[in-house]
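Per-chain residue numbering starts at 1, and chain names A, B, C and D are given in the order in which the chains are listed.
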Amino acid sequence: MSGKTIDIIKQKIKVPDALRQRHKEYLALRKRIREALADGEATIPEIAAKSGVPADQVVFILMTMRKYNEVVAGEMNDDREYYYYKLKADE
Amino acid sequence: MEDILQDSSVKVADSLVVGGGIAGLEAALNLANTGQQVVVVEKDLSVGGRMIHLSKVFPTLDCSACITTPKVSEAARHPHINIITNCELKQISSDENSYWHVRLQINPRYVNESLCTGCQDCEEACPVVVRDEYQYNLVGRKAAFIPFSIASPRVAAIDIDNCILCGACEKACGPGAIDFSQEPVQTEWVVKSIIIATGFKLFDSDKIIRYGSGKFKNVLTAMQMERQLVPTRPFNTVLRPGDGKIPEKIAYVLCTGSRDESVGNPICSQICCMYSIKQAQLLLGALPMVDVTVYYLHIRAFGKGFDEFYQQAKMMDVNFIKGKVGRIRELENGDLVVRYEDIASGQVMEATYDLVVLSVGILPNMDVEKIAGLETLELDPFKFLNQRHEMTNPFKTNLPGIFMAGTASGPMDIPDSILSAGAVSALVNKYNKQLLETTVNSLEITSWND
Amino acid sequence: MTKEQGNTGKRIGVYICRCGSNISDYVDVDTVCSEVAKEKNVRLARVMMFACADSAQKEIVADITNEPLDAIVVASCSPKLHLHTFRAVAERGGLNPFNYVQVNIREQSSWAHSDNPPQATEKAFNLIKAGIARVDLAEPLMPVTIPAENSVLILGAGVAGMRSAIELADLGSQVFLVEREFFVGGRVAQWGKMATTDQTGEEIVTALYNQIRTRKNIQVYTGAHIISSKGSIGNFNLQIKVVPRYVKPPCDPQGFRKAIEACPVIVDDEFNFGLTKRKAIFHNYKSEFPALPVIDMANCTRCGECLKHCTGINLDQKEEIIDIHAGTIFLATGFNPYEPRPGEFGFGELSNVITLQQLKRLLELSKGEFRFREKKIESIAFIYCVGSRQVDGDNKYCSRYCCTSAIHAALQLKQEFNVPVIYHLNKGIRTYGKQEVLYAQSSAAGDVYLQFVEDEPLLVEIYGEQAKITINDLLTAGQEITVTADLVVLVTGMVPRDNIDLNRILKVPIGKDKFYNEIHPKLRPVETVIDGLVISGCCQGPRNIHESVSSSLAAVAKVYTFINKGEIQLEPTLAIVNPDACEWCGLCLAACPFDAIQMVETGKGKIAQIIEGNCKGCGMCTPVCPTEAIDLKGFTNMEIRSMIEAMSG
Amino acid sequence: MNTPKILVFSTEKISDPALDFAGLMKLHYPASVHAIVLPCSSSVRPEWIIHAFESGFKGVYIAADGSDCPYGESCIAKTAKIVERSHVLMKEKGIPTDRLRMAAVCSVCAEIFVKQINIFAEELNASLKKED
C-alpha cells in the first residue's frame, strides 16, 4: 500500500467545486493576514484594519495559524484589551 | 458512492454497549472486570464522549481529563473489551433464543489504525483548514487530523468530505498508514444484551432568534466557553471570537432551551446551573479583572456539595440576577446589550457585556430513535428512553435485554451518569447469567417487577 | 548504600525505536544504540523502525529465546501507549512482565526537545541508562491473590438495602440483610404516594419483600445491629446482636389483635411521626414485614395483659449474638428527616405547624376529607428548605428530594382532597430534570409561589385558629406579604441517621456534610477508603428513591467485582516490609490512607505487616520510615536510587 | 547553552501525562530535565532528593497530583511534609532550599508545567552563576 492509494479514491469521488472554492478563499485570507503581520507584531483589530479581513475571520484564521505553529502570541497591548501576535520566524 | 464490504463471519460477545462516553465505558469496564466480553460501538472517531472535552468539573473542580483518560485507556487495553469507533448501528433484531443480532457498519477513516503512530506528520502536510468541531468551531483543523490531543484511539483520520484529494498526507506518512482504498465494512454481532448509552444532544441555541446566537459573534454557547477554559483551548486564553478582545464583562443566560415550552422542551436540563457556576469560578481565576453575571430563574444546586459550591461563587462576587432575559442586541463594537426583566425590582432593565454565554440545555439524542429495527423501544414524553420502572428498576427498557445508562434516560450530571452505569452493569450481569441458565419466558417471571 | 551495577548478571536486551522519523529526526538513535551496547549487562542493542510493529515484536520474542535474555528495555513512545503491548511481548518470550521497562524518548525527549537535537540525544541516552539500571534490579512480580468470601453483609433494609440484596442474591452471593428496626422498608415504608409515578411506599416495600422471601440465599435479621468487626476485604468477621421481639410465630392473628387491644401502655407512634398513638405491643401497618408484632421493651411494663390473649408472646426471650463471615460490607443505612428546633418557624409552639414527613403520613391516614386535629383544612402553607441550605447553620447542603416531594404532596392535596388554597414559601424551587413537570402542574393548578431569602426569614405567628406568615416576597419586588393558613408544613430535609456505634465499629469515613463519604464522586463513587466497605442510598447524601436505587445497584456491581470469583487479584506493586530492618514506630500506619498496615508480634518483637488486600500501592508509607524498612515493589529504594545515578549522566 | 540538570518526580496517572502532553505539543523546556515516574508524589523519599543533588542534579521538581490524586487528598499534605523534611536535610548539607520545588500538575497541564520548569531552570541558572 505504498504511496498510491490516493489514485484509487480519485476514481471514486470528485472534489466538489464549492470545496475547492472555500479552500482557495481560505488561502487568500491567510495570505492577507500573513502580509499584515510581515512588518511585525499586531493586534487583531490592527490586522483586520490592515488586511481588510473581518475581525472574526482574523480570529479564526490567526488562531488556527497559532495552533499549527505559524504564529505566536506576544504581550498584551497597553489597554490590556488585546494581545499582539507575530509570525514565527521560518526555520 | 462507495461499495460496502460485508464481513460474513458473525462475531459473538456477551453485551454490546452503544456509545463510548463516560457512561458506556464505565458500564463496559464493570462488565469486563467480571469476565463478560463486551463490544463498545462509538459513532465518533474517539471514545470519551462529552466528558473528555470538559475543563474542570463541579463541584470538586477536579480536572475532567484526569478522570476520563485513565478510564478510556483502561477500557482500550482491556482484554475483554473491544472498542469500535467511527461505527454506526445499522440494524438490531432478536432471534428465537432472545439473543440480539446487531449489524454494524464501520466507516473508513482512511487511516490504518494499527500502522498510525499518532505523529501528526499528515496533519502538518494537509493544506485544508475547516472548522474544528472538537473545539466547537472556534478554531480550524486540517482535513487530515487527529481528532484531539487525548483522543482514543490516538490515530489520524481523513475528513473525506473536506478532502481535496491532494495526496500530501499519504506522501508525508512514514509508516504508510494512510489508505484511501478503505471501504465501509459491515459486520454482525450476536449478544445477550445491549446497553444504550448514547448520551445527549446540546440544544441548538440558534433556534432562539432573540438571543442572536449564530449571528452575533460574541454570543457563545456554554460548550464554546468550556473549550476556552481547558488547557488545550483554542485561543490559549479566553478571548471573544468577534475580535480577539479580552473580555471584562461576561453574562450567562441560564435555561437557554430548557424549561421553555416555546422551544418544545419543558423540562430542566439539570446540569446548566452548575456548569455555569463552575465556569464563572474558572473565569474569575483565568481573568482576574473579569465581572461575571448570571441571569437565572432558579438555581438548581441540588447534588452533594452543589449548594456549597453555589454559595462559594457568591462569595467570589459572581453576580446572580434573578430575571428572564428577553432579548440580546449587538452594538457596533461587538458589545452586547442584554435586556431582561429584573425580578427583584419588577422592572425591565438593560446591561452591556463584552461576551454573552448561553447556558444551553440538553436534549434527547434522537439517534436513539433511529436505531434500526427497534420501533418498539419505548420513549418517554420528552423522547428520552422510557424508564418504565423508574422507582425500583430505573435502567431497564421495555425490551428484555436492552438497558440504558447515562443521559439516554434523561438529564443527569457526571456522578449520576457514572452511578447509572454501575447500576446497569449489575442488572446486565444478572440478565446475561440468567439468559444462559433459563429460557426467556421463565426469565421474565423471575426477573422482578415486570 | 549505592548499588554496584552489574552484580545481577542479568542478560539485558535494549530496543531503540525510530518511530518512523519521529524519534530519529532529533535523537541520533544509532549513536545512542552503540553507546548503550557498552553498558554493563547489556547483551544486545538494536534500533528498530517501529518497535510496536508486529514484525518487530516477533523479533524481540525471538531474541529473548535465542540469546537468551533475562530482561528487556524498549526506548520508544510514552509507556501510557505501549507498556502493556511490550509487557505482553516479554510474556510471550517467557519473561516476567516486570522484567521489562519502557523508556519514553519520544514525548519526553525527541518531541519535547526537537529544538535541540544534540541535547535530546544526550537525554535519551541518560533515560535509557536509567531504564537499564531499573530493569537490572527489577524482580519478577506476581499478582497477589487473596481469598474472598462470596457473601455480603448489608446494613439497612430500606429500599436501597432490599433492592441490593435481591440483585446480589441473584448474582450468586450469600446475603445477610440486617435491619436495626423491627420491620423492613426503611423510610420508604412510611411514604404514601410518591413522585413521580404515584406508587406508594407500601407497594414498593411489599414487592421487594416478596422477592426477598423467594430467595434462599438472603438471610434477613430485624431488630439487629452490628457490634463488632474484624478482618479486611474478602474476609470480614462480624458480629450482630439481635434484639428479641418477645413475640414468635405461630400464633393466630385474632390473638395478636386482642393482645394489642389489651395492652395498657400508650405511647407516641414514631411510624406516624407522633401524629397517632400506639401500644407497647405493636405493628405499623397491615402488610408489613415481618408480619409479626413486636413488644417495645423500653415502654413495656411487663404487666402480662397481652399474655392472656396470645400464646406466641414470650417476655423471657433473650438477645442473640450472631457471627457473620462476609467478603464485603454494604451500608444502606438511610437518613433521618430533619427535626426542627422548638420554635423554628413555630414548630412545637404552634399547634398547626407540622413537618413534610408528618404531612405524608397524614395524607396516608386520611380518607375523602383532609383534616388535622379534627379541623377540615382549607388552606396550607409550605415553608421550604427547613434544615437545608442553612448558609450560617449546620446543614449547608440542599436536601434534593424535598421540593419535588412537597409539590407532589400539594398536588395530591388539591386533586384528592380538594384543598383550595396552597402557598409555597420557598427559597427557589429545585424540581430538576423531568420533575419540572410537577412544578408546572402545580402552578397551573393555582398554587401560589412566594420566594424569601436567607437574610430576611419568615415570621410565623398564631392568628386565631390559623397561622399568619409574613414574607418579603422576592417575586413581587420585595413586597411584604402576609398569608394565613390552617396548616403550615415545614418542608424538612434529610440528615444522616444517628449511627455512632456503627461508625466507630466500621470506621466509616464521614464528610463535611456528616453523610458517609465516597473516595471520589466520579472515579469511585460507591467505595470508601475502607476496602470492601461500600455505601449506597441516602446514607451517602440526600437522594430521591430512584437515585437511591441507582446508587445501590452501582454498589452491587462493585461488590460483585470484589467477591464473585471467590478471590481478589491485587496489582503486584504493593508495599513490602523488611522484617529485619523494621523497629515498629507506627509512622507507616499513620501515613497509610487505606488501613493496609498492621502491627504484628514476631519472635524478635513488634514489626509492621502489610495487609495486602488493602494496599493500593501508592507508596505513601515509604518515605516516612526512619529505618528504610518499607519499600514499594516495582519502585524500590534501590531501583530509584540507581535510576537517579544513571540519569545524572 | 548549558542548562542545569533538574530531576522531576512525576506520577503515573496525573502529572506524567502532562509531561507527555508537553512533548506532544512540542512545547520546549531544557533537555536537562529528566523525569522519574512514581505512583504518587507522596512516595518520594527525601533521601532520593539528597541523592539527586549529590549525584549532580542542580534542582529537583516534584510534579504533584494535588487534589486530583487517585489515592486521596491526603496526598497534598504528605507531599508538603516530604518537601519540609527534605528542606531540613538540604540545610544540613548546605544545599539552598529553593533548589527543590513542588507544584500540582494536572494531566493536561502541559503549559503550566513547561512555564514553571522554564522559570525554575532560569532561576537555577542565575543562582548558580552567582555561586561561581
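Rule of thumb we're sticking to: contacts are C-beta pairs under 8 Å (C-beta built on N, C-alpha and C of every residue); 3 or more make two chains touch, one makes a residue touch a chain.
Not measured: the values here are computed from a predicted model.
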item: Shared interface partners, meaning chains that touch chain A and chain C; value: B
item: Top chain pair, ranked by how many C-beta pairs fall in contact; value: B-C
item: Separation of mean Cα positions, chain D and chain A [Å, integer]; value: 37
item: Interchain centroid distance [CA atoms averaged], chain A/chain B, Å; value: 29
item: Numbers and ranges of chain B residues touching at least 2 other chains; value: 60, 62, 236
item: Per-residue multi-chain contacts in chain C, two or more chains; value: 80, 520, 523
item: Where chain A touches two or more other chains, by residue; value: none
item: Interchain contacts, given as pairs of chains that touch; value: A-B, B-C, B-D, C-D
item: Contacting residues of chain B [partner chain A, same complex]; value: 1-2, 110, 112, 124, 127-129, 131, 138-142, 160, 162-167, 170-171, 176, 178-181, 217, 234-237, 239, 241-246, 289, 334
item: Parts of chain A lying in touch with chain B, wherever the complex brings them together; value: 1-6, 8-10, 12-13, 15, 19-20, 23, 26-27, 43-45, 48, 55-56, 58-64, 66-68, 73, 76, 80-83
item: Contact set on chain B toward chain C in their complex; value: 30, 33-35, 57, 60, 62, 67, 73, 77, 115, 117-119, 121, 154, 174-175, 259, 266-270, 298-308, 311, 322, 343-346, 380, 382, 384, 387, 390-395, 410-412, 414-416, 418-427, 429-430, 433-434, 446, 448-449
item: Interface residues, chain B side, partner chain D - complex; value: 60-63, 65-66, 69-70, 149-150, 230-232, 236
item: Partner chain C, residues of chain D touching it in the complex; value: 5, 7, 16-17, 19-24, 26-32, 34-40, 42-48, 51-52, 55-57, 70-72, 74-75, 78, 82, 85
